[in-house]
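See the structures that follow.
One chain, chain A, links the two complexes that follow: it is found with chain B in the first and with chain C in the second.
On to the complex of A and B.
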């Protein structure tokens, strides 16, 4: 059986592509999947940090493309889940160090050995983006409930259509239910109203994600956190399970004290 | 003097120039033609069809120079024996009615046809430019743009920028199931949607239940929006 290549992209920077890639990779590995996560953000590598693997890198994707290392040498095994491997980006150089054809070849070479290959796309619509989607079977678009992020996601969806990719699915990141309730933030429905693509999941805004990122331990490892559970659910949806969306409503004071409503 | 005409082709706008006459006549009539077409060509990327005419390199440069005065980019010349030559520009990424990578955004049933039907949602960054009327079956999202010589009808939500009657047709109209454009232009007039009430700021678009389809047109030089009554 050969693995599925999924690219995570957004257009706008800072909406949570890398966090999403790290957490979905981790959550899939927790479900006994063999996973490779590939950092396509050459020159600005980050995925290693979020996974806490920065000190284990010897070779990177540019070394593989330019023949200084074999693919297997460059892959870094995760410290928690042995079936989760990272192919790091180069920290020197830039996006032009790799072309879309080479990126697709790397994805093909990984395919027989993994169930999932997750590609973390850089922000933007230039070569880095085209590199990242070149080998993809499916694409996940990440957005936040902000006008600018939604508009960029819309542009990206248009570009994916032009590149003849299958219809992408959507993750809405950093939802604050209380702000949505006060109509101060776009709701998931507002976002879907414009983008009109299938919803894969909703991640609540959670301070724990910042702590987890600094610590190099993805939140998906801990079901105690709502955001961690949301990522675990998305991983199960990627495996074809039907998992209802989490109830993200923040419980009020009394509910917290007395455990009302739950 | 032979006629100049514009056609909406599968890959975007095609300007058809007369096959006969001197270069001087050609440039003069093109100058005249462009000055009568309002903002229609502003920012456009076009193909130019010259049939049997032969143009030297310097003459092509003159043509490109003239077009650039209207902010028009020459993509390529098409001659009778070579209807689809290599693009005149390197790195052409499409623009008018052409999706990135050269995928046509829309299909024209016949090149002579006046109306263009787009059966998809136009997303941010996508532009449709057509000399006739344009019908979109789908939404027009923010950041998308339609420039039409005739009417624009959107069977969906219109949130982008739309310009009907862009060649100076004051009778052109814009209709949409939900008319919420970023900016609406008819002929030489420009209107923007009224500001949302303060309580609704921060919301993407006001959702006030089912709304009737609306139609915009010019009345005494101003853009008027009316509920569609089907009269």
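On to the complex of A and C.
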């Protein structure tokens, strides 16, 4: 069976596209899926760092496009998860080094060998974005509960529609339940209400994500953390499982002591 | 804002402010209508409407919003109390 190409994009930078790609790739590999993650942010390579694979890169996507390396040579294998492979972006070039047709060809070439091909899109609405979505069967839009991120997500949703892509699904990242409770932050429902696309998952704002990124070990490897479980649940949803949303409310003193509410 | 909110000096919470601002900006983004174009449209609507009805000048408000996934254009046009209908041949 041929694999599914999923692009992760957002419009605005810094909302967590790369972290989401790394974590979903890891979570899918933990579910015994064959996964290729592709860094489409040429010139601003980062997916390798989040995955802890930065020292293992020999060739990159531009080397493949320009014929200096075969696709199989450029793919970096993750020792922790044999089924997870990374196709790194070039760091010394820019977005114009690859065009949408070439990117779609790479996705097609990866399709027979993997169950999932996750493409990490650069921020913005220019060529890098168009490269990233060119081979996509489906698109995941990542946003945070902030005005600017939601506005940019709305713009991206419009552009995806104009590009005749299937309706994207949404991940709301960095939600702070305590702020929502105090009416100081847009809720997931508020964001869904204005963007009007299906919700794929919610990731709580969690310091552990920063710590995990420092280590180069995605938080999705650890079910101890709420954010890790949230990514694992999204991976299961991508496999077609019905998984209810996590209860993100902070547990009170007694709940923590007695371990309720898991 | 209700009476109790007013009495207790409460203002609208920042989540609601954010959502309202977001709705307005998205409606304009989606329709591709700038504030300048809105003003021009407002002037033209006033011109047409005031051919038939005496409107209260300076109190006309044109805005765009979103309700139930539908973008809507709202025109709030207050009418003068007397002589609402122009022209002597109009039936009431």
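Here is the rule we use: the second predicted complex is superposed on the first by the 257 of 262 C-alpha atoms of A that agree within 3 Å, B and C clash if a C-alpha of one lies under 4 Å from a C-alpha of the other, contacts with A are read in each partner's own complex, and residues count from 1 in each chain.
Note that in this section contacts are C-beta pairs under 8 Å (C-beta built on N, C-alpha and C of every residue); 3 or more make two chains touch, one makes a residue touch a chain.
This structure is a prediction, so every number in the text was calculated from the model and none was measured.
K.L.:
Does chain B (first) or chain C (second) touch A:164, or do both, or does neither?
P.N.:
The answer is first: A:164 touches chain B but not chain C.
K.L.:
Examine A:127 and indicate which partner it touches, taking first as chain B and second as chain C; both and neither are also allowed.
P.N.:
neither
K.L.:
Examine A:180 and indicate which partner it touches, taking first as chain B and second as chain C; both and neither are also allowed.
P.N.:
Once the two structures are laid over each other on A, A:180 reaches chain C alone.
K.L.:
Counting touched residues of chain A, say whether chain B or chain C comes out ahead.
P.N.:
For chain A, the partner with the higher number of touched residues is B.
K.L.:
For A:105, is the partner it touches chain B (first), chain C (second), both, or none of the two (neither)?
P.N.:
In the superposition, A:105 touches no partner, neither chain B nor chain C.
K.L.:
If you lay the two complexes on top of each other, which residues of chain A touch chain B in one and chain C in the other?
P.N.:
147, 150-151, 154-155, 158, 183-186, 190, 193-194, 196.
K.L.:
With touch defined as at the start, can you tell me which chain B residues reach chain A in the complex?
P.N.:
These residues of chain B touch chain A: 99-101, 103, 120-126, 139, 141-143, 159, 199-200, 202-205, 207.
K.L.:
Can you name the residues of chain C that touch chain A in the complex?
P.N.:
For chain C paired with chain A, touching residues are 13-16, 18-19, 21-23, 25-26, 29-30, 66, 69.
K.L.:
Looking at the complex, which residues from chain A come into contact with chain B?
P.N.:
Those in contact with chain B are residues 147, 150-152, 154-155, 157-159, 161-164, 183-186, 190-191, 193-194, 196.
K.L.:
Please name which positions on chain A make contact with chain C in the complex.
P.N.:
147, 150-151, 154-155, 158, 180, 183-187, 190, 193-194, 196
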